[in-house]
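Chain nomenclature is as follows: A, B, C and D, assigned in order of appearance, with residue numbering initiated at 1 for each chain independently.
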Amino acid sequence: MQNALKDFEKFDPQHLPLFEPLAQGHRACQGCGEVLALRLAAKALGREMIVVSATGCMEIISSAYPQTAWRVPWLHVAFENSAAVAGGVDAALHIMKEKGKIARDDIPILVVAGDGGTADIGLQALSGALERGHNFIYLCLDNEAYMNTGIQRSSSTPYGAMTTTSPPGKLSIGENHFKKDLPAIAVAHKIPYVATVSPAFYLDLMNKVRKASLIKGPAYIHAFSPCPTGWRHAGRYAVKMARLAVQTRVFPLYEVIDGKYILNRKTPKPKPVAEYLKLQKRFAHLTDGDIEIIQEHVNKEYERILKLSEEVDLETKFTSTFQQHIDRLKQQMDEAYQKMREEIVHH
Amino acid sequence: MSTRMPIEVSIAVSKAVQQADVDVIAAYPITPQTHIVENLSGLVANGELEAAFINVESEHSAISTVIGAAAAGASTFTATSSQGLALMHEILFIASSLRLPIVMVVANRALSGPISIWNDHSDIMAERDIGWIQVFCETGQEAYDAIFHAFRVVRDPTVQLPMIVNVDGFNLTHVIEPVFLFEPEEIKDYLPEHRQALRLDIEHPITMGPVGVPEVYTEAKKQVEEALLNSKQVVMAAWQEFGQRFGRSYAPVEAYRADDAEVLLVTMGVISRTAMTAVDRFREAGKAVGLVRFRLWRPFPRAEFQEAVRHARILAVIDRHISLGALSGPVCLEVRAALFNLPDHPQVFGFVLGLGGRDVTVDDFCDIVERAERYATAGPEGDYTLIGLREV
Amino acid sequence: MLEVRFHGRGGQGAVTSCELLSSAIIEEGRYAQGFASFGPERRGAPVLAFVRSGQEGLKLREQVYQPDIVVVLDPTLLRIIDVTSGLKENGWLILNTKKVFHEVKPKIHPGIQLAVVDATTISRQILHAPIVSASILGALIRATAIVELKSLEQPMLRRFGTMLARRNQEALMQTYWSTAIS
Amino acid sequence: MPEKVEKRAIVGWRNLVPGCAILEPGNSTQLLTGTWRLQRPVIDAELCNLCGLCWVYCPDMAMTKTAEGRYEPDLNYCKGCAICAEECPKNAITMVEEEE
């Protein structure tokens, strides 16, 4: 386990920080789940951080000149390079601190990008930056399509979803690939921290962002980000969607710390995926058979994560059983020694 | 005192970067830029240069990384060539728009396709509008000096723009030649400290790179252009001071035996040296031929150029880039544009040569001068002339 | 102006020879350019390198077309390349070969001055490797006196480091004295 | 307020901060996004148990806590998405049409 997390102090739900790094007056859609996830993540880091943003909804809605919704230093360069830009910020802070040009380099860098900017066009820059071990928190806000340009499919669009470039038709179900597994790609880089978060589980989200900031090296956080406009559900349901996705196992919440999986929220009695799909018009065209395919895929993926985290459980179990065994042996030896001493004294 | 050393020009360039107190270098290998960044990585590895050397996974990330570092207030450097520069393309505009003081060496090389690792100017000529200050070099000494000059210029608080030093790939980067190298204390006073007012700083949180709404985009562009145009004064002042301190003087437009010349060759980069020998030949034969070279390419030194060619009858403008479908190479186009509204301007003929590493010889320049004289009376053979082209 | 063309194979050290020679000329306070013909050639392929010396700030950056001196690092190149192509009348051919002078001389155009040395054997003995980048220069200097032998000391030190530079210096002296000249 | 925004946006190029950097942190509070709202949340103080989930889940930071410790929507910024009403565990929030 990471030393940095040894005495990890969770957020106190009664005393959440009041400071909002992201200010009121941003131009996100009514009921935007993505900006909620971003708000909570930023809140977890507070006043002292630097934000590097990729092009996307969150960049557009927070920085239209001459207003900014950012109360912390914020930089946007382009769509596909936010990880590389953040790497430069990270390197600059460290070397300038070393050379005595600035006082501090312990400032968390939050990289914000959407699923398109991460899974598609920004994947190379992300991979490079993760491999180089830059100290930043990469927050992928996954709303499962290119919402900023008008709901075109990305490689993170789920199977069966209707988007403006994956329309269902006589020959198509809509999006006909299962979504790219970005957390697994991040894990494959052997970075110290990977996590999935959902704004519905806000304490879990904030705690994970805080953990990511404490760990040295790259952290990748994949945030489920309901988009009422693109998913075509009522704005009021954004948090409900984020919760249902977890309850139906569509989006399991887990952490991968130093390569070890921990399924944070087990759902032994999941709700059927249909309950999640039926609230969104992007899935309205799906037949029961289609939904069955999705259900199977969801089950399989959940089982995979569960198995990976159980391996860790088994290891923990083994370690503790082994420890108990040793303790017992020690006790027996102590007793035997005591007995011997007594016998010697007796003689 | 500076020492005259036999040195490969790329190594001289990296030594200049070392002496400029750079903080962050990010680079991706591409021929013929490699020797510059290899040597820099070695200097960092040996503790001879206190900087972060970041081996990025593409040129796109190289420029992105130095932008991030520059936005955080670091002095930054990168180098590239050809496809690498083209891959940086979209980000280059953003670097100038963000007004970040980055120094980049472009080891000029042809752009694909077909793929060519050899020297011409097609890489940089595809980046004419990026808002960076751009200079060219003709010798190793000039390349070495240009690095100090570039760091001096971009660190000027009135400039706040990135700058490209063009060094012809192989034909200059890989040549071993004598270069006077500075002792650290010699150059120290010439280089100001790198200080950046607008940067990512938690004490003064600012928003960098906001959305340029229609109400501000035009003004934003105008602001960068004005900064670029005004940078010429700083560029020239820095050259002047360099000349006063070190005895090597540079100017936006430089002339060679051009004063009374009827025919002027117009060049830039390393081939200018060869052109000088051609000029000497004509002069020996009693012909009034001269040479004018662009050292500063962006901002375009209009006034200096107009003045330099004022008395000539014929200009033979050399491009080392073919601008497909245009009326001539880009240098020639701009020269024509610079002269068009002047009364009694010289006749201008465009020549393209030295593409993709094709050697540029003294004979080529002699051929060009003779053709230009012929065109002046008989008219040109086309919009421009491709020298050395094999027909069959 | 004096122009030298080196013929070698990728990895044999023609570019290093070019670097050492141009550096030595510059060390003497004269002007030189050293450059290779750059291409996609890999280890083993024939390669060219050039040295041009002349007045300070020489106004010439074209390739070398009519060398005054041609240096051949590998005799097997003679079978596949016309190494004397463009060589000026009365120019020098410096050849590394195991053959003796009289075996080679008849095959060379009479207007060419010839210097022959077995640099490979000398390098093998002294450096324990057939690297002739420095040792071949002994023959070149013996024949043409293009630089002084001692002018190579600093360039070799920079290129090879103390130990290897000393050995190369030894090889250089040996080739210098064992070169056979027209 | 919208007038002020317009004036700032049409600043001439000579007065632009280099790189169009925005120097005033969080000045988006000048944008009253409450004007986007079609319905507004009304909190029943009797039912409210002060759990604060409406504050946590508001994507517009438009739920505020008054000096008396009550939650109240900030109508300058509330876009009327109704997440607060949906998420309120006590059903203490109802959405009222703005036109009424």
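Quick notes on this structure:
In the analysis below, contacts are C-beta pairs under 8 Å (C-beta built on N, C-alpha and C of every residue); 3 or more make two chains touch, one makes a residue touch a chain.
Keep in mind the model is a prediction, meaning the values are calculated, not measured.
Among the inter-chain contacts, the highest number of C-beta pairs connects A-B.
One finds 35 Å separating the Cα centroids of chain B and chain C. Each chain gets one centre point, the mean of its Cα atoms, and the points for chain A and chain B are 45 Å apart. Note: centroid distance chain B to chain D, computed from Cα atoms, is 51 Å.
The distance from the centre of chain A to the centre of chain D, each centre being the mean of the chain's C-alpha atoms, comes to 27 Å. Among the residues of chain B, those in touch with two or more other chains are 98, 204-210, 212-213, 215-216. Residue positions 9, 11, 20, 22, 25 of chain D are each in touch with at least two other chains.
Of all residues in chain A, those that touch two or more other chains are 63, 65-66, 68, 70-72. Contacting chain pairs (ordered by label): A-B, A-D, B-C, B-D. In the complex of the two chains, the chain D residues touching chain B come out as 9-14, 16-23, 25.
Across the complex, chain B meets chain D through its residues 97-100, 160, 198, 204-210, 212-213, 215-216, 218-220, 222-223, 226-227.
Chain contact summary for the complex, chain B toward chain C: residues 4-6, 8, 32, 117-118, 139, 170-172, 174-178, 270-271, 273-274, 276-277, 280, 357, 359-362. For chain C in complex with chain B, the touching residues are 18-19, 22-27, 29, 31-36, 38-40, 56-63, 65, 155. Chain B makes touch with chain A in their complex at residues 23-24, 26, 50-52, 54-58, 60-61, 64-74, 76, 90-91, 94, 98, 200-202, 204-213, 215-216.
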